[in-house]
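The first chain written gets the first letter, and so on, giving A, B and C; residue counts start at 1 in each chain.
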Amino acid sequence: MTEFFQFLFSGLTVGAIYALIALGFSLIYNASHLINFAQGEFVMIGGMATVFFAAAGIELPLAAVLAVLLAVVVAVAIERLGIAPAKGTSAVGLIIITIGAAILIRGLAGIVWDRNFHSLPPISGEEPLVIMGATLLPQSLWIFGVTAVIALLLWFFFAKTLWGKAMMATAYNPLAAQLVGIDTRKVVLVSFALAGALGALAGVLITPLAPTHFQVGVMLGLKGFAAAIVGGLGSGLGAIVGGLVIGIAEAMAAGYLSSAYKDAVAFVIILLFLVLWPSGLFGLRGIERV
Amino acid sequence: MRRLLGSHHGGLVLLVLAILLMPLGFPNSFYFDVAINVGIAAIVCIGLNLLIGYAGQISLGHAGFFGIGAYASAILTSTHGWPPLLALLAGILLSGGIAFAVARPILALKGHYLAMATLGLGIIISIVLSQEVALTGGPDGMPVDPLTLFGFEISGTWSWYWLVGGTLVLVTWLALNLVDSPIGRALRAVHSSEIAARVCGVDTTAYKVLVFVVSAVIASLAGSLFAHFSGWLTPDEADFLRSIQFVTMVVLGGMASTFGAIVGAALLTALPQFLTVFQNYEHVMLGLVMVLTMIFMPRGLVPTLALRFFGDRS
Amino acid sequence: MSLLLVERLTRSFGGVRAVQDLSFAIPEGGIHSIIGPNGAGKTTLFNMISGVLRPTRGTIRFRGENIAGLPPERLAARGISRTFQNLQIFFNMSVLENVLLGGHLGLDRNVWRALFRLPRLRAAERRARAEAEALLERVGLAEWSDAPADSLPYGALKRLEIARALAARPELLLLDEPAAGCNEKETREIETLLKSLVADGMTIVLVEHDMRLVMNVSDHIIVLDHGRMLAEGRAEEVRENPAVIEAYLGQAAVAGGHAP
């Protein structure tokens, strides 16, 4: 049983990270019906930039804030320089643009920073809590807490503020939203900025537990996308539940089955969901599937 | 010129001439190596272009089939002593079989969902290849026996050059034939309007499955050739980045253009070998090519140039 | 026996009943028009007959067999062809190739013969090309044959869709507003074409807003409104039906209110 809880804690921790990434996918998807394959790079930027800002002598909290801002700038640049000029491009074309942007960012990170693994100190020490015989690191609590707060803030933003409502309107019907005077271009831009911030935050939080590297974005991004699909693309609650489901499934598979195939779990789940349950757990809209 | 490039045989003659004459300008065997790698990538891209360019169905996982072919050849010949040709055919059967098994549910998806599903498939294949260490040698890779065909060992750059060149010409000819047939038109119809295609009697699902299997089989064939040619095989050949490279070659050369696929494969394979910027900044250059092509030249090189110089819109 | 027998056909979209409880019969041969204001359910009806949409309820009998819910490719094989109100041209092909695709089911679809371009396939392709050229001639697009489809003007595309539908040698041809957006001359050409097709024994169901065309060619008219049948009969009967006049006048009044 101790073992089970140990796996559960590590699954929940990484699952909360996937949830933050999945929220970014869903935000952008809602605003522009686009899958941003560069989402994982925001996570990499969050970790790597914090490491290098700190190395340059900046206080760690400030370094983290700057890293998040950097990811926001990069996200906005992707939208402005890559997505906006390609208006009218096919779905395949947009996929290639965002993948291209991801590879470009990765390449730049490898050059501007380096190609080594880096870690960060945990926010409040490494003294683990022991629950049901299993250990839980304080960093995990930080991750749960931040993810919960973000989830609440996003809920408040979308349910209670004018800007959030405008973004929801755009998600449901972009044309109608435009007609009632919502600047849908700005909505897309804001959603990219938010997604960049969420991704980078995930990167800052996970780096003390799993070292960062210029290529960590690939897998983290894809797993975040798996989480978004499982939860139902575009659903906020779905992103969080999906993230936890993927995280726990991965941890259990690694613990009980084979750690070699840990990375495959998310992709098997994604294939099963896409084929059997494409709208996901909480997806409202039907999938493009004539 | 336009007729020459536009018509079936004209383009093929140009390709044959290029393959025959290029060695005259090759100063050393490094150039042959590059040309052979170009040919292998071009074979994959011709198949992938049938899927992406003609039928309009994206795949972000075709390196998986390339890897299955490569490892089938490597494992069956080196570990089990099969004749290479038989191993190659086994790879084709395995790739084709997997492609056939997954095609129906996966190709019912569209756009981003299809991209994600094919990506997942490709990644699962590459994870299996790098985790089954006993079978594949894992991430460090495994050696591959030389290729023998009908008792002759293919060794040395010249024989490899002619073998890959000949295969490329054959695959190009088959692809051109397929495109210019009722089947090729059905594929293009699927791309343009599935509803209209179905109303015209096209069983769109059957054609998507067909083209997915054909492109997987071609990738597998190229993978087998690659394994024997390089003599050492690592799972990198089947990974996500490799899949993306293949797609980028197709897009850069020009979707729905068989010769475009060859040009795209040639550029993205040869440039990193000859330009040091490309070598040092591989990711940056690849990413830039992808983004800039889609924004400024969404039709790709060959169709764009054909339109500019010959007014050829097809 | 009727060629097409529609019984209590219904299709809803969420709360909207686009077609409700509709029954009618189309005998073999002749031109049968379906008219009605925008949103009356004409296109939805075509979508169900051609298999593009599944009916919510009801049956569609073609030569006596219930075909409701069969996929479009199966219905194409049974001899039902259609055109689309919103053009569905294959813009990635030439004009001729569009027509060739229309005749897909009659062509050699063997993969091996296609890959190796065997003589049998080449011969079949030559015959198909000749037939497609003849069809293009018939709709007046002969000189466009090798042009890319996306270079054609709108009116020509409408006729290209007809040629593509004809290439399947259908027994039942469904035309959804073939004259929409066509000028006077093009409309007269379509009229002539329809009459010549009927003379060859084809059965045509026509949805059209150009009343002169409808009145000139129709053997039988069905009037739809809000998904239900409002009237049915020969052209002159329908023209003088008070309910029809009201449905149309009502719409004209609304349209007039928005006119500049």
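Heads up, the rule we're going with is that a residue touches a chain if its C-beta (ideal position, glycine included) is under 8 Å from a C-beta of that chain, and two chains touch if they have at least 3 such contacts.
This structure is a prediction, so every number in the text was calculated from the model and none was measured.
J.: Testing understanding: with touching defined as stated, what is the shape of the graph linking the protein chains, line, ring, star, complete or other?
T.: Basically the chains just string along in a line.
J.: Compute per-chain Cα centres, compare each with the mean of all protein Cα atoms, and return the closest chain.
T.: B
J.: Chain A to chain C: how many Å between their CA centres?
T.: The answer is 49 Å.
J.: Distance from the CA centroid of chain B to that of chain C, rounded to the nearest Å?
T.: Going by mean C-alpha positions, chain B sits 41 Å from chain C.
J.: Distance between chain A and chain B based on Cα centroids, please, to the nearest Å.
T.: Result: the chain centres lie 32 Å from each other.
J.: For chain A, write out the residues touching at least two other chains, lowest number first.
T.: Residues: none.
J.: Name the residues of chain B that each touch 2 or more other chains.
T.: 195 - these are the residues of chain B that touch more than one other chain.
J.: Inside the complex, what are the residues of chain B that reach chain A?
T.: 52, 56, 58, 60, 105-106, 108-113, 115-117, 119-121, 123-124, 127-128, 131, 194-195, 240-241, 244, 247-248, 251, 281-291, 293-295, 298
J.: Any idea which chain C residues touch chain B in the complex?
T.: Against chain B, chain C makes touches at 50-52, 71-73, 76-77, 81-82, 84, 88-94, 97, 100-102, 104-105, 107-109, 111, 114-117, 121, 125, 148, 150-151, 164, 168.
J.: Show me the residue ranges of chain B that touch chain C in the complex, using the header's touch definition.
T.: 174, 177-178, 180-186, 188-189, 191-193, 195-204, 210, 256, 313-314
J.: Using the touch definition from the top, list the residues of chain A that touch chain B in their complex.
T.: Where chain A meets chain B, its residues are 34-35, 82, 85-86, 89-97, 99-108, 110-111, 218, 222, 225-226, 229, 260-261, 263-264, 267-268, 270-271, 274-275, 278, 287-290.
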